[in-house]
Each structure stands twice: as structure tokens, then as C-alpha cells.
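Just so it is clear, A, B and C label the chains in written order, and each chain counts residues from 1 on its own.
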Amino acid sequence: MTTTNAPARAGQAIGRMLLQGGTVVALLLLIIFFFAMRPDIFLTFVNVKNILYQVSILAIIAGAQTVVMVVGDFDLSVGATSSLAGAVAGAQMIGGAPIWQAISVALLVGLIVGLVNGVLIAYLNLTAFVATLATMTSVVGFAFLVTEGTTLFNFPAEFNELGQGKFLNIPIPVYFALVISVIIWAVLKFTTIGRSWHAIGGNVEVSRLSGVNVRRARLLAFTVAGLVSAIGGILLAARLGSASAVQGSDNMMFSVAAVFLGMTVIKSGMANLGGTMIGVGIIGVMSNGLNILGVNAYIQQVVTGIIIILAVTLSGLKTRER
Amino acid sequence: MRNKFKLLVAAAAVVALSLTGCAASGGGEADKPFKVIAFTSGNQTPVGAWWVKAVTAKAKELGWDLTMIQGDFDFQKMNPAVESAIGQGADVILDGYTDYASIGSIVSAAKDAGIPIFAMDSGTEPTDAFVSNVTTDQQGIVDSTVEALSTELGGLKGKNVMIIGHDPHPGIRMRAGLAEEAFKAAGANIAGGEIQKVQSPATGRTEALALVADYLAANPNGLDAVWVGWDDAALGASKALAEAGSSAKVTGVDATSEAIAEITAGGNFLATIEQPWPAILDTVIGYIVTYQKDGTLPSTNFETVGTTLVNKVNAAKITPSDKL
Amino acid sequence: MSATNASTEVPMALEARDIFKHFDGVHALSGVKLSVKTGEIHALLGENGAGKSTLVKVITGIYTPDSGEILRNGESVEFANVRVANRAGIVALYQELSIIPSISVAENIMLGEQTPSKGGIVQWAELRKRAQEQLDRLNQKIPLNRLAGELSPVQQTMVAFARALATDARVLILDEPTASLTDTEIKDLFAVLRKLRDQGVAIIYVSHRLEEVFELCDRLTIMRNGETIITKDVQESNIEEVISNMVGRAAGQLYPERGTATTEVALTVEGLNGRRVKNVSFTAHKGEVLGIGGLAGSGRSELLRILAGAQKHSTGTVTVGEEALPSSPSVGKALDAGIALVPEERRSQGVILSASIQDNIALANIPSVSSLGIVSGVKISTITKRGMLDLQIKARGPHQNVGELSGGNQQKVVLAKMLARKPKVLLMDEPTRGIDVGTKAEIYRLIRELAAGGTTVIAVSSELPELIGMSDRIIIMHEGQISGEVEAAVADDELLLTYCYGKAN
């Protein structure tokens, strides 16, 4: 009995590993594919730097989304909150406020949006979908009010430096993304609040009955997401040297996609920061690689969707087989 | 019980509203103030916001009874609003910056009610939908931008030019197509072999930035010029060029203050186009006033107006489109 | 210093005195008394709706009583919420809410306030050490870093125990802890519970399985209609007495008289092979109740699912009366042929908890309540009313949500839903799981009535007394094959167990 089963088991194990690693394998395959297509360009310092620069702000916002999704919710307002924060910072500076003040106020705005989301969801028991959809709508409205529908620009050079400056020939937002990701990772991994988030995301009732303060933890998760989104938005404004009410609105969908891709990376199927970064990597490499190959933008969009479906389906097979 | 009560209240409200509606239009007939419905889908853009203000001011000045409908780029919301306004009766309809393709239901409602639609910048071709559509000359825009690039680069033969467009916007789509023809005719190579497309105007700047940065990574020194259909994306392209250390030149369209500032600063941003919106609005208002007086319609339902190239020389004298 | 327990100097580990609690004018608890000694296993028994879970929630601080007093070691206490109760050493474990599948075993054990931390930073080494200590106390060898969701049900239960121990639980409340466990696992669990008792933990054991109570518990308290009826030493009681106290009348017979099955063949199964099922052939007769037994994993549930068209089989044929089922079956085709299944997982497979009784019944009967794609409200209402009447479903009305009903009544809704299709063969997987004794008797009576009306009932059960009591004939499966077949009238536990373990006759 056991002898006939053994090879089959081994085969299953390899298959499962491949499935589990599906998303990582997908990223590696993408890199290998683009490298094979354009070996002279794809992995050059300049291009890798380009990719990192292009995904740095998405990485920050996806980090915010990860926190909320670890708790088992999601936040549709991250993109809008980031735009609003960028707009608020810009409007402050144009109004003559010093940079530190502009940034502080913008961060505060992000914090408040997150807090409102948290109160609505954790204390007033709205579903995350309804609450964040509603705040997203209002926040976009606020952003239009702040920008008066125009694009704000002419920020102080020191501010723009945050988004456009370089250290060791690598753009500063890349460092920001790195530091924020490490912080979020550490908070999720090592702090009691991070572990509470994991517990709640696994099973709210068990957590509550085990004495986890579920409401406070969810409130905190949304607040953190708002704050981190604001950081992303401020950096985007600095990176572009301008702020409009809708810039970076694509970050919401991409952040959710990145977290979903990341959830496929680990066994428990939970949102996790390492996985999210792999998801961000896939999205960034796809876009850059297809641009380099000169693929039509519409086709790019189709292909991006298909890759996401493939990766998530692969890991879905993993959970289904039991 | 409670539901029935709610229903009753709702029914009463509907009746009351329709009664006041009738009363209002009835009163309008009696006093004969000139009733105008104005709408735009583009009120969230700077030019659209200016247009809403300018039309409201003109209406006040001329004593019109104005209904202003702002569509927020949401036709599902705007079209029914305009149609119900049409249902209440009006003398003319004024369309600002909304392509006729998106407002088919408004056009047929207006036709049924016998109300003429005057338009500005609402399509790039003549159409029966409007009694008048005054817009800018797309070919003229392309001619002057292409010529500016040609002069700057010392001729276009063999030069590498990237064209960035956005198809859902009919004006940008048309001028990007015309630009492609013009560059090909002048012997330039089109980078990437076709027009590069931005997917969403909201993220136009970041998309254009990534497009140009990635193209330059794949083809170092591969660009001599980037022709962009509108300033917001053009600013992204010029940023990418500057960051890559390229000296390629960029042109845009719109004359936003940000673009004008870039042009004045003398970087990669070479020129943009000023479209004379205040003058065009005056023309259209003039047509409406004539129609109000004796019912005369403009002789043609489509006309184009020349534009001004904005470069370093005249930049200081131009009123930016977001400061109108 | 109460004088009530003069016999012992030691105060009760937990005492509830004259607890009253009502919801929306309905008394859930009226004057409940419960006293649990340190170091005893105390069974809390009663039909569903008797007030057991409300009492547990009052004790653990989820509900605040309207009046009455809770004493812990003789001192009056008030628990504002679960956390406060936990701190006082009172921990409840619920059958469906035991672990968090997506985090590690160690974290599950040291959840919430137990997580050792300094300045908000989790002390992982300390956490693992303390988690291991708890597992050691239970003699469990479970890897600390495994995801709890990957463990077997019994291991998950053990992890939940370990968590309770980690909070230094002195009063442990268990709600149906054996529901998803096999016999050997239950043995292990009982050993652990006895060990905890010997360590001085007071255990309140809520269960519907009376055999277990008599095997494990020291004392028992029976509740009925929100009141405590009796508290007694288990040794001085017996099952009949317990049942009569639970239902409030003489127990009578739990199982109705067997009927006389016809010889007319209703279902023929020949050479059926599936994933687990191997070469299974049998026939069932019109008006017969055929019981199917076997250990978990023996293929008995898979057999039912194949018959119901919910799972594919590789070879073999299923014939209802004269009509052979198509080789690629579906639930719809099986239903059309007259085979209906009442599934094991009632809450996830049997009913939609958030929908009304009427909608649940309509859902399975769309063809018969609609014409030309339009659903007829009148027809739905007719079949719902008939079903509710026939099965005596206790509910406010056809529009009450199924989630608000007791387990027994939920099961009746599932039955009503299937019976409205007038099946020739009714398959039931664990027909009385999680159902109180009173309703159990009703279900058995219903099964018997159906059989008398000519329906063939095929029921899978893991409880041997039930299998013997409700069936006419019993088939036992072992590793996918039929290992024995016996007339229920002459069957006993011992014989059936022999078949279950695959020992040849």
C-alpha cells in the first residue's frame, strides 16, 4: 500500500510546492521572459532603477492596503486619500506654509480619513465596502475642493526633492518605500497589535472570545492605512511636482491586486507584506517590460488582468486540493 | 402600515413637484424670459470650471433664465438631468466641451422638443446634432506644433518622435492622428511604430512619465521629440526626458500655467497651444443672441477657429487656460 | 460564608444563584441555580432552547443577567465582558469557534492578553516557551509553528484547551467538544479532561451525547425551559431519568416501532466505485429504513453523495425502481429521478441561515412552484405551510429566518425542503447531529412515517445506538467496501463495531 502511494505523494508534494510558489514563479518567469527578450536592457541598472521608481508609491499604498486586508477588511479609499493628502500638502505650500507644516497637515488629513473609516467600520458596524466606498467618494470631492479642480504646482524645490531627488543614484521614494515596507512588516510580525490583526483576520469571533480588543484593533488598522496612504500621496505630489484631485487614482485597484497576489504566496492565504511586495513587483515588471517591448497600452491592460487571474487561480487550486 | 404611509407621502410629493413644475414653465411662457439650458461634462477640468462661471456671468448680463447642469464626466448622471430640463421647456441649449457621441439621448430629446443646440468644442466633425459647433482648428494645432519642433530640431527627416494620445477624447484623438500623418510626411520615425496611448486622463501624467522613461531605457538617446496631445501628459513626458538627461523636446496643447512655466524655464518643454476659449464663447453667445432676436440660425453648423502657438517668446503674454 | 455547603469547607469554584435573564419579554432564564465544585466535571444538559447557552453566556460575561448573582470561590463577581471573565479564570470553548486557522499553533495558544510583550513588541521566545508548557500539560505533541488550520479536529480542540490553560482557566466551559471527533480522539480528549479535573480545574460539560456524560462526568444539572430542574451525582442517575427530566415527561421510547418493509426494490446499486468507495453493491426496498454505518473515512458519506449526484463515480450503476441514473449524474438529475439528500453539514450545506423558512423551501422546489419562469407566491406559501404543519416546525411563521431556529427545527426545514419534492429515496447524513433529545425522537418518528408511506430512507450515522434504533437493516462500511450487513432487530454495538473495524464475520 505505502510503496505504491509513495511516488504519488512525492509528485503531489512537488505539485503543491509549484502551486504554492505560483506567484513567485510567475514573477521569476516574467523577469526571465523580459530579460530573454531584451537582455541588453531589462536588467540594466537604469531600467531596474526605473522599475523601482515607478512602483515605489504603489508599494507604499499597497502596504497600507495590506494592513487592512490582514484584518480581513479592505479599503477602497486609499487612492483617494493619497490624492487628497498630496493636494492638501500642495495647497498649503502654495499658500505659503512651510514644508514641514504642509506635510504634517497632509499626514493629519490622511490619519483623520483613516480614523473615520475605522469608526464607521469598527464601531458603527458598517461593512468595509460601504464605508470606504462612501469615504472614497467624499474624499475625492474634498480633493476637488482643495485643488479647485485644477492641478496645483510650483512647490518649493526642497519638497519636490523628496520625490525627485536621488541618494546614491537611486530615487528617494524607493528608500521611502523600503523603509515603510520594513516598518509595516515589523509591526505586523513583532507587535501585539500586528498579531491581533492577524488573529482577527483569521477569525473575528474566536479573537473576541479570547479577549482581543477587536474594535480598537480594526480602528487602528484603518487609521494606519489612512496615514500610510497619505505618505504615498505626498510623495506622489513631490515626485510629479504637482497635485491634482485624481492623480494616483489607479493605485487603489493596483494595491488590492498586489495584496491579492501576495495572499497566494503563503500557506495560510492571508495578506502579508512580503507577498504584497511580490505582487507590486509583478505589476511593476509587467508594465515596464511590456513598455520596453513596445506593447500597445490596451493590450498591456488586458495582459495585466490575465496575469492576476492566472496567479490567483493557481493558488486557488492549492487551497481547493485537500 | 408604515410602508403604505411612506408611499402616500412619496406620491403626494411627486404630485406637488409636478404641479410646481407646470406652474414654473407656465409662468415662463407669460413673462418670456429667454430660457437656456447649459451643460458640460468637463466641469472638473480648469477650462470646464471657467466655462461654467463664464456662461453663468453672461446669462446674468443678458437676462437669461439659465439652467446650468454639470456632469462630472458622468453621462449616466448628466444626460437624464439635461433631458428632464428639456422636458420643462427651453428656448436654446448650450453644450460646452461635450462630444455629441456621448449625448445622443439629449440630442434626440432636443430634436423632439424643437430646441436648437449651440455648442463649442463638442466634436471634431460637422454634425446635424448641433445648429452650431465652434471649435479649434485641429490641423492648425498640429501644423504649428510640428513646425515648432521642426524648426528647433533643424528639420524632421530621420528624427525620432514619440506621439502620445488618448483615444476617448475626440479632439486629442484627431490631432494625434493628424500629427502622426504630419511627422510621417516630414520623414520622421514614429517611436514605437504607432501612437502611444494613455489609458486614463486622471493618471495621464504618471502614465506618460513611465512610457517615456521605459522607452528611453530600451532605446537610450532614442528620442528627438515627444508630441503630446495635452499639457498634463506632456508635463509627465518632459519630466521623464529631464530625468533621463535627454535633450529631446516636448510640445503639448492647452497652455496650462504649469506648461507655460516649463516653457519659460527653457527645459525640454518647447511649446504648447493656446485655444481662444473666451473668444469662441463670445462667438457662440453672439449666435444665440441673434437667434433670440429674430430666430436666425448660424449659416454653418461647424466652424473652426485658429489657435496660438505658445513658446518662450510669447509665453509671458498668454493667459493660462486654468487662469481664465 | 454561605451555609448552603456545610458539608465542605471549600467554596464552590463557580456558583450561579437565581439568575434571571429575558430578551424581548421572553424569559430565557428564570431563577437558574448552578454550582460547580473545584475539580469536578459537571454536565450541563437540556434540550436546545432550554437555556444552556444563555447561562454559559451569563457566566462568561457576554450577557449581563437581569438579576441574580455569580460567585467565584464564594465571592460575588460581576463580569462586564469576556475579558474580565477570563481574568477571573472562567473560559468557555465553543465547538465551532475554537481556533484561528491562519495563525500558528503557538499564537493560538497565547492569544489576546496572553501574548507576552514588552512595549507592544511580542516576545516570541517567551511565547513559544509558554505555549509549549501548556501543550506539555496536555501531553500533546503538536508542532508550535504549524498553522492551526492544518491540524486535525482533535488537535484543534487540544490547542483551544491549551489556550484556556494558558489563561490559567480554573473554570472551563466546553460546548459539544466531541462533535467532530472520532471515537479514539474522544478517548484522548476524555483522558485530558480527567487530568485537568485532577489538577483542580472545574469543568462544565455541555453535550447532547448522554453516553459520554455517563462515562465522563461527576455530576449533572438538567435545564428545561430556562429553569434548572435537577442537580445530581451521575452515578445516582441513569439515561432514562435524564431524558425524562430534559423533555419534561416520561421518556417513552426514543425510537418508534420498526415497520414492515416491502420486498419491492426501490434502489439498486451495482459495482459502484468512487474515490474511496470500492465495488459497492446493495439494494434498498420500498418503505425500508436502511442504516449505513462505518468509521469516519470509511466512504459512507461519499456513497451518499454519489447516490445524490453530488459527486462523480468512476464505474457502476444506480437504478431507481426501473430507471437507471445517467452515467454523468448531477444533483438535479438525481432529484428528478426521485433521490433527495439531507446533508451532514446542516448549517453550510442544508439551509441558507439568512433566508426565511419559506425561501429555503422554495429554493429546492423552484420547478414545482413556478411556471414559465415566474415563481408563484401562492404555491410557495402552500408547500411551506404544509411542510411546517407536517413536520411541526416551531417558528413564528414562514417568514422567520432559519438562522433563528433551533438546530432541530433547522433540520426539519431541510427535511421539509426535500420532502416537498416527494422523493422516492431519501438520503440522510447524520440525521440528528447537534439536535436535542426531544427533537431527535420526532425526527425518528418522521423517518418511520415516511417509510410507512412508501419512501425508502437511507441514513448514515456514526452513533451505533441510533443506527440500530432507527433502521430496519444496517450496512457497515470499512475502507470503502461493505464489510457487513445485518437486520437491525438482531444487531448490537459489539457486532457492528466488529464490522466497522473490518473484521470478517
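What we mean here is this: contacts are C-beta pairs under 8 Å (C-beta built on N, C-alpha and C of every residue); 3 or more make two chains touch, one makes a residue touch a chain.
A quick note: this is a predicted structure, and the numbers were derived from the prediction, not measured.
S.K.: With centres defined from CA atoms, tell me which chain sits nearest the overall protein centre.
M.R.: Going by the distance between chain centres and the overall C-alpha centre, it is A.
S.K.: Look at all chain centres (mean of CA atoms) and spot the one farthest from the centre of subunit B.
M.R.: The chain lying farthest from subunit B is C.
S.K.: Can you give the whole-Å distance between the Cα centres of subunit A and subunit B?
M.R.: Chain centres of subunit A and subunit B, defined by C-alpha means, are spaced 34 Å apart.
S.K.: Between subunit B and subunit C, what is the separation of their C-alpha centroids in Å?
M.R.: 67
S.K.: Can you work out the whole-Å distance between the CA centroids of subunit A and subunit C?
M.R.: Here subunit A and subunit C have centroids separated by 43 Å.
S.K.: Could you list, by residue number, the parts of subunit A that touch subunit B in their complex?
M.R.: So the residues of subunit A touching subunit B come out as 38, 41, 44, 46-47, 50, 53-54, 144, 148-151, 153-154, 164, 236, 240-242, 244-250, 287-288, 291-292, 294, 296-298, 301.
S.K.: How about subunit A: which of its residues touch subunit C in the complex?
M.R.: Those residues of subunit A that touch subunit C are 190-196, 198-199, 201-203, 205-213, 267-270.
S.K.: Inside the complex, what are the residues of subunit B that reach subunit A?
M.R.: 43-46, 48-49, 192-194, 196-200, 202-203, 205-207, 209-211, 213-215, 217-218, 220, 232, 235-236, 239, 243, 256-258, 261, 322
S.K.: Write out the stretch or stretches of subunit C touching subunit A in their complex.
M.R.: Of all residues in subunit C, those touching subunit A are 82-83, 86, 92, 94, 97-103, 107, 111-115, 117, 120-122, 124, 147, 149-150, 163, 167.
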